[in-house]
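The two complexes that follow have subunit A in common; it is paired with subunit B in the first and with subunit C in the second.
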Partner chain A sequence: MSVAWSDLGAEGQRHAEAHFIAASLAAGLRERERSSEPRPSFADLYAWATDPAHRLAPAQQAMVASDPDLRRGLALLVGRVGQLRAVAAAAASSGGLDRREGPGFTVRLTASRADAAQTYVSIDIDPESWRADSPPAALLVLRSGLPVAKLALPDEPGFALQLIEPTDSDIVRGLRDAGTDLVLV
Partner chain B sequence: MGGGALLDGAPSAELAALLEGIADISVDGAPKFTPAVRQALLGLVVGRAYAPPLLELCHLLRVAALAPRRRFESFFWGVSLARAGAYAGWIRSRRPAPGAAVPVESDGGGVTIVYPDGRFAISYGRMPLLVALMEFLVSALGYPAVLERAEALLAGPPRAAAAGETANELSRAVYAWLTPHLPTVHEKRRLDVLVGWLTARHAPQGRSFTTDDIDDESVLAFWLAAEEPEFRTYASALRGFLLLIEAMEHAAASVAVARAAALGTDAEAGEVEPAAPGAMADAAGRHRVIGADEVADGIDPLAALAEPPADAVKLLNARERAELEMLLEAGPRGVRLMLSLLRRAVFGAVQARISEALRRGGRAAAERVLASMAPGDAAPAGYTPWQARSDELAAHLERAMLASLHLLARAGRIEAVHLLVALEGGLDLTPLKEAGVLADPARLGAVLADPTLGGPQAAALMLRARRAFQGLSRAGFEPDAASRPNLVAGHAAAAPALPVLAARLARARAALARRGPAAWDAQLEADRRVFAARFAQIYAITPEETLP
Partner chain C sequence: MSRTRVHIGTTEGPAEIQRLTAEPPEIRSVVCLDGRAVALPISRDYEGFVRRPTGIIERVWGGQAFRMDVGARVTDGLSWQLGAFLAHALHANGRLATSGVAPDAAVWATGEVDAGLAIRPVDEIPRKLELSAELLRGLAPLRPWVMVPAEAAAAASAALDSLGLAAACRLLPVARAEDALAAIGLVLPGAAPRAPDPAPPVRARRKRLMAVGIAAMVLLAIAVPAGWMAVTWRRTFLAWTDQAASGDLIALDQVLDRTGAEAGCLTCGPAVRRFRAWLATNLPDDNGPRIEAEGTQRSPYGGCRPPPPAGPAPVRAALADPSGLTVSTGLCRVRYLASGAPRIALIVSTRQPPDSVAIGAGEAAVTLDLPALYIYASEQRVIALGSKLPLESVLAWLRPQIPPPPAVLPDPLVKRLASVGIAARTLRHRVDPEHGL
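Our next item is the complex of A and B:
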């Protein structure tokens, strides 16, 4: 097909111009090397907030910490997907908290008598307060809106849960920390 | 978000990173968005053609809000891979109760939202792109801004017009966000330079230039005379002309014809691939299949092979793919631009090395590269190796089609007929029709292999196909591949694309064969001098010292 420039007329030439510009920009974008570290996508944040197994890479956590837009987005998202929330508690004794409580649920931490390196995490949820179709999947721990740790809950129906976690793990330390928020999703 | 640094009026690094980030989203190692969806998103963004899909997206929000507590995020981010079938499944599992505020009707093809003031339909096949567009929105505008508009829309009375108002708001916001990231002045200037040069070249003949006037000679003449920095490299000049041809043909087609049929690339959603050959009866009533040389030039077979499920089969390795991309880039214009493509492959690489050497401050190194262009020197590689290589690629494609035919026939897939006809052009399909396997292909393999049923020609072909399958050691051609549904689906999806690819390669080979090896060598020697002199001029290095 041979096309003459003059035969296109003004409308066709405008069309050709728009196509050329778009195709040229697209080619430029494809050839362009990535000049910076990739930001976490919203899909990453959503996965962190809803998928018990998903972890943010350390570099992504650092970017969330340093980017106010990402922090605000994550905070909004956690607020929307979260079912029950316990906000940061008042300062406790120097040893940290062994009980966290929010409307509709309680978290208790008990050192294992058999092994001090292990801590029982007991979660009691009021079924009347739980409005989702599926049972709780994870307990998120955040500090000032930033992800601290996440505890995947057993994949079985139930509102009285008990798990055992290393005492020095991020999740146990995060739960004991009075400055963290807890969100059940 | 910080402002993106703009380089030479090109798209910003931030926009490039944002689109890369969307392309990188993966689920269990598989990209969330297929290459076709990523390409379509790129087209929407750079072509500023996002207004219509934003309207669809705003209507889709009503569907997504069927999620518990109206958490529409579950639709956009809770479905793992962005595929039409996955969204159809999500919607089926959340059908609204009768009497819902906004009824959503769904069928095999998509959903219709029934408003008091109108109806709006969205196909499942469209949804992956709309989800990618949502990903773009939250990445560019931020989740809070998108959430605010979405919640306002969903909280208001359900009206079709309200979706339009929200879409307009989003469209304005995207326009404003893109403006500093997507400057068009630079690209417009590039177009003006090309059009101005071609117009001046043909003015003495008293006529306008045509796409046919863009040939090997004009590309080289333009580059030799170009003073604009954006056309400093031969590759950039050739790319500009290829884009101009594409733009002119696209404009002519758009102005002339509004296509009646709905075409698409999502076979899962029942859309029709424009280039998929289809069975038909000829004037004599014999059943045949439209050959690859008869189909439209509108599809990209290499892209089709990279799409799931075809990408599960390693029909091409990285090198084969890159070489085919190079040979086929000019598409149907390849015949008159083949020399330009070879010049870019050979001398474009030399120019890149000179440029890189100078960037590193190595003037002597740049001169050494230039010296390597002297006649008789081993470098650069010549044009003739491409002839041999294109023969090898053609042989590989034929082997791959044969092996794929063997697998599809064994698996009882009708897609085998695409390959059957491509490999044996004059094959009469009447015996297959009479055996009933065109309607019910389960016995296709058995019928084809039996000369008394499928005919001796087909049986001989199937013997070659079996040998090719046994001799091909690549992912997707394992001995048990015919019993693995994902691989069978991959071969079936690739079957329409392979003959198109082979036909295009044949066209490129014909262009290469128009000159004998001696003529190509003579052309190379002439080009060495021309390119060396131009490189010396552009980079201010002396050709007299390096060329006799």
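Our next item is the complex of A and C:
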């Protein structure tokens, strides 16, 4: 017989969360003892999906790419923590995109006239669509569920954000790529 | 042409303005550090300083968005404004000494510029001068201008004296931005408003004659036999009514526009207005069509089955006001139902064409199966038209003009439809994935 999450109550949910974190960390420690290139733990995936500054090591990225369980886990996680999403654009254009749109937000890319090696990334979010208490912290770029790049968003009031990024950076290339999915967390 | 370099005095040391670049207007103005992709926190204030309605740069020299590169961090406050103002003035005149160009003159400035171009006082000028002493000594051959708000003249003078820079610099207390511009040989662009040309008396006489003429024509029109008018207009009204009843409403709208604008026809305008008033009575009685969404919850096992007869009722919601967005969670199928008018048309659009369209009497419904991607939301735009008149031909005319989703039906289109007796409503419905599968 299973127990619904909502039946646990606040105290029970806190206990369950603590157990889960402890079990995840213990599994991660065991994995690190066993292998020089440890498999990413749930905590690693969670950190990538929620912490703007956290990066997955290339070896961990490769493991996510090759392990269907990790891929599914990351996809579920991104689905859970993501607030707004834009799916891969229709392949109507052979060139790079300069605008991506999803329900509730738009991303625009504009080359700087001062320096073509730099690109403005403008993110406009519909406040009505943003249901989290805190403002968006990061923009994740994924391709077929795999991490491509992540953009840490400035801690500014309002829902119109603007950043400058190198034109040849993973994030700008990922945003221009019609085949990527975008998730705001 | 002489080139002038501008340095901003800050409490962390001087910051050279390295370059100014006009950027595409859709960009917000930004202050960057040393040509790198690093936007400084003062960028938001700089945007407000540049762009109308608050910005004075766009007002004085034009341009909605700029990038200003500075050689050192300018962290907060507004004392950078006088330096930035001068840099824009020099840039507009092709005289800003950019990084790598040897300057013929130099300005060190600190001060806030208000909307009326008055210079407001700022804090810590002696400290700013102290931190810039080395720079100012280096610029001594150019005898740099040191521009400070007028209120700080004594403090700045004393500071320059104590630093041994009084002779090396030209201290200029400024009360208004124009004073600072004058020192570097510039003036504000002349934009004295032109007084309107007085109308010549002959034109006034002609106007009076025209008014008299129009009054005479109106009287003449009133004198036209009422019987003739009744017969003529009855025929015309009947033709228009037949056209409306056939649903050829857009062609009718064009006829009405042409008739209303017919030159020399005094009765056309009132007749068209009267007919349009009748057309408006074909709008649905209760303020337009209602739209409801009836959803089927996705099964935990991935399927999409309607609930069994004894099972839970499907999710049902009247969609929100057009200004809002209704959000549902975990649906795999949605049936949109529009009702509330004798004739109803429903257009449901997703990001993937084609649209789903239904027309009905009293109600119209479209059922949509949502994609099974479990991590993505989908958003549908639902447009409903309601009227007492047939909608088929209007729909054929309207569909190519509807912008792609998620845009709502533009106001001019909604108004035009209302003018021929059709109420239009656009709503947005987002379905989020079910989390915790």
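The definition used in the following text is that the second predicted complex is superposed on the first by the 149 of 185 C-alpha atoms of A that agree within 3 Å, B and C clash if a C-alpha of one lies under 4 Å from a C-alpha of the other, contacts with A are read in each partner's own complex, and residues count from 1 in each chain.
Methods note: a residue touches a chain if its C-beta (ideal position, glycine included) is under 8 Å from a C-beta of that chain, and two chains touch if they have at least 3 such contacts.
In this text the structure is predicted, and so the values were computed from the model without any measurement.
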item: Touched partner set for A:Ser41, first subunit B, second subunit C, both or neither; value: first
item: Subunit C versus subunit B, contacts on subunit A by residue; value: B
item: Touching partner for A:Asp133 - first (subunit B), second (subunit C), both, neither; value: first
item: Which superposed partner A:His15 touches (first subunit B, second subunit C, both, neither); value: first
item: Subunit B versus subunit C as contact partner of A:Arg80, first or second or both or neither; value: both
item: Touched partner set for A:Ala23, first subunit B, second subunit C, both or neither; value: first
item: First, second, both or neither for A:Tyr120, with subunit B first and subunit C second; value: second
item: Subunit A positions touched by subunit B in one structure and by subunit C in the second; value: 5, 76, 80, 131
item: In the complex with subunit C, residue positions of subunit A that touch it; value: 5, 75-76, 78-80, 82, 84-85, 87, 90, 101-104, 108, 110, 112-115, 118, 120, 122, 126, 128-129, 131, 145, 156, 160, 162-166, 181, 183
item: Subunit B - residues contacting subunit A, complex; value: 1, 10-11, 13, 15-22, 24-25, 32, 42-43, 46-49, 68-69, 71, 73, 77-78, 135, 138-139, 142-144, 147, 182, 184, 187-188, 190-191, 195, 198-199, 207-212, 239-240, 243-244, 246-252, 254-255
item: Residue ranges of subunit A touching subunit B (in the complex, touch as defined); value: 1-9, 11-13, 15-30, 32, 34-36, 38-39, 41-47, 50, 67, 69, 72-73, 76-77, 80-81, 131-133
item: List of subunit C residues in touch with subunit A within their complex; value: 19, 21-24, 26-28, 30, 32, 35, 37-39, 43-44, 67, 69, 324-325, 327, 351-352, 373-379, 406, 430, 433, 435-437
